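A, B, C and D label the chains in the order they appear, each numbered from 1.
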Amino acid sequence: MSLPDEFHDLAQRVNNWGRWGADDEIGTLNLITDEVVREAAATVRAGLRVPLALPLQQDGVQSGLVPGRINPLHTMVQINQELFGPGTVATSDDSAVLSLQTATHWDALTHASHSGRIYNGRPADTITAHEGARFSGIGTMPPVVSRGVLLDVARAHGVDRLPGGHAVTPEDLEAAEELAGVRVRAGDVVLVRTGQVRVYLAGDKNGYGYPSPGLSIRTPEWFRARDVAAVANDTLTFEIFPPEIEDLWLGVHALDLVEMGMPQGQNWNLEALSTACADRARYAFLLSAMPEPFTGATGTPVAPVAVL
Amino acid sequence: MSLPDEFHDLAQRVNNWGRWGADDEIGTLNLITDEVVREAAATVRAGLRVPLALPLQQDGVQSGLVPGRINPLHTMVQINQELFGPGTVATSDDSAVLSLQTATHWDALTHASHSGRIYNGRPADTITAHEGARFSGIGTMPPVVSRGVLLDVARAHGVDRLPGGHAVTPEDLEAAEELAGVRVRAGDVVLVRTGQVRVYLAGDKNGYGYPSPGLSIRTPEWFRARDVAAVANDTLTFEIFPPEIEDLWLGVHALDLVEMGMPQGQNWNLEALSTACADRARYAFLLSAMPEPFTGATGTPVAPVAVL
Amino acid sequence: MSLPDEFHDLAQRVNNWGRWGADDEIGTLNLITDEVVREAAATVRAGLRVPLALPLQQDGVQSGLVPGRINPLHTMVQINQELFGPGTVATSDDSAVLSLQTATHWDALTHASHSGRIYNGRPADTITAHEGARFSGIGTMPPVVSRGVLLDVARAHGVDRLPGGHAVTPEDLEAAEELAGVRVRAGDVVLVRTGQVRVYLAGDKNGYGYPSPGLSIRTPEWFRARDVAAVANDTLTFEIFPPEIEDLWLGVHALDLVEMGMPQGQNWNLEALSTACADRARYAFLLSAMPEPFTGATGTPVAPVAVL
Amino acid sequence: MSLPDEFHDLAQRVNNWGRWGADDEIGTLNLITDEVVREAAATVRAGLRVPLALPLQQDGVQSGLVPGRINPLHTMVQINQELFGPGTVATSDDSAVLSLQTATHWDALTHASHSGRIYNGRPADTITAHEGARFSGIGTMPPVVSRGVLLDVARAHGVDRLPGGHAVTPEDLEAAEELAGVRVRAGDVVLVRTGQVRVYLAGDKNGYGYPSPGLSIRTPEWFRARDVAAVANDTLTFEIFPPEIEDLWLGVHALDLVEMGMPQGQNWNLEALSTACADRARYAFLLSAMPEPFTGATGTPVAPVAVL
């Protein structure tokens, strides 16, 4: 099997290899300049903070659909342990086992590869069991603090949640932009709301993962045209699943991560943000979504916060 | 053994139990109001982002000093796996085993207890192996976005690093405040720099942990007077270790976490921030330091970022 | 809620506290004497080895029924890593996250407690997050090598598998003994086959766990009368689940582990052994079922082998 | 760098590829026949059971010498949890994070590769992050129950422990055989005692690992001549470390595992066995050393037991 011609056409149009030099490891995060950050800080009006992460717990979004990806297992290592003798101050300590892509997360650019290549044309086999990702791992990501823009596609469609077969198109994004009254520009982090996370929040893990609305194979070109820094949404798979084009699985991943060098976020809970933005009729905000700096990792949990 | 009278006197002076109601679980984080956040956003001038987390890796700060606390173990679960057949888009996935207090972290209020009590007077045995912390766990923490203030005690002393036996006193904090040209106020997150993390960065894990400069037993009262929201520093133990008062181990933990209900941060790398602040002669900034929402946990890794 | 009178009557009849001294931690494993082992070795006729463990893998028996108990997650830490330079000998290393009671396992005596007590009358709170089980943990178990006897209850009933609601009674055990042509005696390790593991082997994890045939609350007295050293079977819950007596959950666990001090084994795959024994009309054999010596643990994976 | 000619000469002399067919995955474990097992059972005289595993605990043999290999982390998931309500029977559950080669273990044949090949000439890249070892993983190992023979080289030399620079030679093995009064034969599992584990037992982890006595590059040929089924010893590295031949690191691993297809065991505690054998002047016994069946793994903890 090989990737269809349509994929290669799109790849060519969105490709950013070499754009920031042959040594670049961070792709579109280069677009978050000091000026972008200054303007992002200036969007803060109310001082309201809206957290966007799902809880990290055994009862998480993983249902067995993705092989080897498990829900977080949290265990206590010490409970009220009086380490220095009876009657002294006690401490509790804990540990966790964590699939790095388990819940609300960023994909590193190295989370996907195709045709033996990762972002910027490096060989895919620079990812090893010993080192993880030698290039473009999570540990190399700069701080992700920028202007966030919510593109509330579900709300623009007048629904709580897009149906399972809905591929979010550039036209959908522009309708949501119009609803938002804000134009997406270079360096923005775009949050695309489908409402799909409501299925998980209502207790149906299997229904959450599949079938799922998600981004269309046509969206990477739109993100490339606007030069956004990163995109996240509220689904397990990010892109529509199963895919629009037969046998083109994970095509959006390949275009965003490998070709464009743009990080993706998944399983972000955008429900409270949707309400907060609608209430204020303001869809741009300061967003902080810091990767946990796991050396060599291809993904990271993230606890994003929007400050309105 | 029992806690000395001196401890109980201090406890009474800093105690916040009931201050935000009998049901409160978040303590001094109540002090981060919308207004505080608006003013924090307004401190951003340059748009510079300074990350404050140490890498999460096997070669981390844990040396075996703290029982059961291990350095992060990162492993690849899939490497360039063509899940949908040969020639298709490939993905890489990873997992990690993580002591939640292993590297740059927040202590939940429940990380410490004494005399059978946690913050707000609840029984310590509400922390169990099954649930973790039923109250005041990491999962209940609100977003930590506020004004950050660097109190660069090492720089105020004209040294790269305070010596191992140096207990940082309220007078030290005020000298650093003077250097900073900013007055700490309600809702601030205070970052206290000792320079001790340089020992770890230079490759000496054992020397990093012990002996270590750190906060004096007299500082909680100062933080209480200023009503700060949280305090973090660049040491393994937060407080001076071994302690100033014989047999009063972890007294600062007990005062801050249990009595005052104020979260503590440890192993924060404040070196780059120290330079950035000194270069600009500005020591106040927007700080985002979001807890990863592990349900029931008593600690969390954090990837803080200062935006100047 | 308190345990019913019927439970306390049974408890009194099977109780072994103090039988091997106040300091004893190993209960009925004391019954495996050198002589028992010599006779066990003498049962070997064919030299045939039948392994009894299920594979340790993500696709294991855990379905979410037992809170916090997960299937094994195996990950590669190194793959063909040439640690000493290109062209040198390469090694591969792996790690696993393992619920100790996840698949084929022994329960330590401390796996259960009731009324605040563990085996031999010790307080249950000697099990802590810091140390695990201070007494009667897996690390204190002596080698489990003895005569094994298969009581093939399913075969004695002429079925492949007992139905979900079948509580295996002392009468069932005696019928199986008759089929086996061997009398269970002191120090034996008894393997009770229900055939239930066939449900898991056929791919139905949920059906495997619940409802499940299993040992009746009346069996501990029979095991006590015969002075067996340990009992294992081929179910997730060991005892019939849901239980025979309303509101007496895990009563067999409490009688066997706490009162009698007799280890239990679960999720043993007895299918091949059933065939091997029937083919030879021999149901007694040498059994080796060594606990992995996790210090302080309340359970352990085990890879038992019957040698016929 | 490439492997020296001397290595290739030895490899040719010990190679077993194809000996048990092109499809074989288990190598010399084929030599454990029913007859060997019958004779092994017949060696049991006293009924004495000697366990050979080190405890699995945080304070284990790993010192950081081997990258990514950590000591076991044991944590409680439930402690005396009354799952069915207050006053009901309570249970305790635990989990562990385990490097599969961490303490007393078997290496699978796939633990080593060289020149792109694993045992029986299969490509080394059949080991992947997704599946682990597709061939010759731990999950394919048959039961390891056979005659064990202790070759007590330290005792034959009249010392408690061989010095760090001592490479155990075929002549050493034959001297130990003479002391034992038993001739090693096909299908035996040979345990070679150097006494090195005493360094760890005395509390010196660093000294245990390096420098270490161990098997000489000349021993594989001797094991091949005797057609032993497997070999284990009481060191971290199995072979002498650093190696006898400059730049030939892990040469014994490559000869035993890759060329001969013979499993190796490391970190076996042979101290009690040494005494037991010397006391009885009997060095042959029944050995059970069952791998835990981790699917696709390249190593496994093992809790071996010698029955004398």
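The rule is short, and it goes like this: a residue touches a chain if its C-beta (ideal position, glycine included) is under 8 Å from a C-beta of that chain, and two chains touch if they have at least 3 such contacts.
Predicted model only: the values in this text are computed from it and were never measured.
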| item | value |
| --- | --- |
| Steps needed, at fewest, to go from chain A to chain C via touching chains | 1 |
| Partner chains that chain C and chain D have in common | A, B |
| Angular offset of chain A relative to chain B [C-alpha, multiple of 5 degrees] | 180 |
| Proportion of interface numbers common to chain B and chain D (over half same, under half different) | same |
| Rounded Å distance, chain A centre to chain B centre (Cα mean) | 27 |
| Centre distance in Å when chain B and chain C are each reduced to the mean of their C-alpha atoms | 45 |
| Chain C: positions in contact with at least two other chains | 67-68, 70, 73, 75-79, 92, 95, 97, 128-130 |
| Arrangement of touching chains [line / ring / star / complete / other] | complete |
| Touching residues on chain A, where the partner in the complex is chain D | 67-68, 73, 75-77, 79, 95, 97, 129-130 |
| Contact set on chain D toward chain C in their complex | 1-3, 33-38, 41-42, 44-51, 53-57, 66-70, 72, 74-80, 83-101, 110-114, 124-125, 127-129, 132-133, 139, 142-143, 145, 247, 249-251, 253-254, 286, 288, 290-299, 301, 303-305, 307 |
